[in-house]
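Paired with subunit B in one complex and with subunit C in the other, subunit A is shared by the two complexes that follow.
Our next item is the complex of A and B:
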């Protein structure tokens, strides 16, 4: 065989890897939806005229952005059981961590999105007698969101790759599943190569799709 | 919250050894800085070359550069780390493979630096390409009009401008290198993240440990930011890049 590698162990371990991949995808989707909602709220807080609110949002975002994700994962894994008093599994802890962490990155994107909507749009909302909530909900946010779809998706691809870091607390994602399968069949090398290929195929396909989308979604000004 | 605080933990001796926990942290900080700075040097030199190649007119050179970037961008850093550490030595010729596995000095450090350096080089290549392409076409024509060869045009006209333009994204890349170096824990480099887990298990003072490590990461990000902003100020072209 090629370099003495034996890829025949892949077939029997596929179901196991599939459960790992499912967890990775689930974590990505939950963190994405939670992160975008929380991120949008943070962006609105950041842009609000209330100094206290906007400073608090800024501190939160800057803090999250200047520490490594691995440390944030460790922090949550340590703190959640201490604060709630009962132990949480690595899988659920990871979900909360990723929502909180990704919200900081999504909020920067949403902030740019909101700022990309021209001021006249807000003025139009005012002229119609809309409240702040109505102006944001019906006029500004839909456009901001649409303008930022490619960037949001690119961030989601990064997020999908980052989910591999739950490895540090032992949550069973795709990478961990591959590692366990590699140990069981005593073929770790083949497993690492295979898992790298899976990540590459998924991320490459998605990023090419986003690139095509980017050409079609022009920013409305 | 049921937690036993002990902020004096840093001066307590570790369980098996005569060092204190503070020594561990200082050591970890040293490795984090060593890995990050060496990786940054690799990344900046390689990334500049590849980014520049991607703006040339030869299709196969551009394709080579694009392939490089796509390969490193679409696989998680942690997976790349494991690939370099466990898989690459197996694929080398037999003698070299034995040497790497058994005798190579500072194996973990070299692997982590190389991996992080190549990973970051792909991201820098992207910034450099964007920087060069953001220049008006006239700049290239000006070089040609002066009778410059293509390398001269790049050396004297395009690159000096492009690098100044991309200092802000490079700043965030430089800060990212320190953050990404945390992934080296996976191959047992004794950097900050590795130390934080080790110290947490050894001392059972998780919060104090993480506070200290987080503060050290903040310090890295802050210093990286200041260094880049100093370079930005010193290299700014008067009247061109928005002078603050």
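Our next item is the complex of A and C:
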């Protein structure tokens, strides 16, 4: 015990916090996969010579990037049931929101990645008789993705931290679990300190890994 | 095989190709030369539609390049192209580079594609490099793989855009040798190159371009023998002197 803090309440709440962390990680992984897929499609639309498609993608990306994430989370939570007529749980709503929101950021990364592949590579793919889809799928996107792995991972670390915002719609992530456990044991400060440490350790470890990766990518290129 | 007639191309107000016409018959080897910026790369890239053009027509094996009804990927699959900077796919091994077109475009089986790929790799003298990646090969080796890759599609003709100009001098010949052999086998070839030794050895005709115009289109003997236009003479004396 120091400063009047009592960390002994942590042990019994560990299983509960673990469930919260699992949801946070799951949300991150789903938002990352979905966000990269949707983001790549947005990037392709944005780079398309079809004006309508390109403008639509740009409006989507700009809009998402101009609205605070908290508001997007809230609005999706309120709007999806209105639009579909079915109530969706906070957890599913959060997943959809994050895919839609992160796609905007991943799309900017993938766009830079696609542009980092030289026009000569595209010409070589076309010259072999590939269709647009084949040139993109076999030649451009794999190289774009490889070049952008460190940046994509960095964005994912930010995403992992941002998932803590879902506590406002009551989705049971790590932060929400800490809030509940803190209330139950009447020890909120200890709980918040503990989850802050968890977030820090995970994010710090990941960003160190990204740094090492970045060096390797630089060597390969 | 290739008929280029009255082709014009411009970027905005800048005319890159002006009324270019020439033909390449089956089995012919044509060398295209001319000063930098004269439109050689642009001309050769219009042949397989990598560069669009505003007016004129190009027929390859009777098919109109860039016409709305033409299936361009299908046409390009039949025309081999070799680039100045090799453009092997760096994220694929040499064998993958040699088989991906055959598998994905020609729908050959993996085994068949592999057999063809390895045979061609052997032909360009690089059988031992099959498992490597492009980044592990020298420039000359990469360009030979690039030629093998183009050949893997059984092309009806081959386009070369300065295939040796990005190479160190000691590697130029290993690539030219492959090209000479190809020419002797009867491949129809259109080559942008300043290698006049190559032109002397295998070219049927030499085309000289300047500022987007084809200003000489002569048989090899005429081009090197009899007096020509002043620009071509200046250019020739410059590149032959070193």
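Just so it is clear, the second predicted complex is superposed on the first by the 218 of 221 C-alpha atoms of A that agree within 3 Å, B and C clash if a C-alpha of one lies under 4 Å from a C-alpha of the other, contacts with A are read in each partner's own complex, and residues count from 1 in each chain.
Going forward, a residue touches a chain if its C-beta (ideal position, glycine included) is under 8 Å from a C-beta of that chain, and two chains touch if they have at least 3 such contacts.
All of these numbers come straight from a predicted model, not from anything done at the bench.
Subunit B and subunit C, once both complexes are superposed via subunit A, fit side by side.
Shared-chain residue A:200: touches subunit B; no touch with subunit C. In the superposition on chain A, A:139 makes contact with subunit C only, while subunit B stays out of contact range. Once the two complexes are laid over each other on the shared chain, residue contacts for A:6 go to neither subunit B nor subunit C.
Look at A:123: by the touch rule set out above, it reaches subunit C but stays clear of subunit B. Applying the stated contact rule after C-alpha superposition, one finds that A:167 touches subunit B and leaves subunit C untouched. Once the two complexes are laid on top of each other via chain A, the angle at subunit A between subunit B and subunit C, using C-alpha centres, comes to 110°, given in steps of 10. Looking at the superposed arrangement, the partner reaching more residues of subunit A, out of subunit B and subunit C, is B. By the document's definition of touching, of the two partners only subunit C reaches A:131; subunit B does not. The gap separating subunit B from subunit C in the superposed three-chain model is 21 Å, by closest C-alpha atoms. Comparing the two complexes, no residue of subunit A contacts subunit B in one case and subunit C in the other.
On subunit B, the positions that touch subunit A within their shared complex are 1-3, 70-71, 73-80, 82-83, 86-87, 90-91, 175, 178-183, 185-186, 193, 196-197, 200, 206-207, 210, 213-214, 217-218, 221-222. On subunit C, the positions that touch subunit A within their shared complex are 45, 48, 50, 73-81, 83, 85, 87-91, 100-101, 104-105, 135, 149-150, 153. By the touch criterion stated above, subunit A contacts subunit B in their complex at residues 3-4, 66-71, 74-75, 78-79, 82-83, 85, 161-162, 164-165, 167-168, 175, 188-189, 192-193, 195-196, 199-200, 203-204, 207. Residues 120-121, 123-131, 134, 138-139, 142-143, 146, 220 of subunit A are the ones touching subunit C in the complex.
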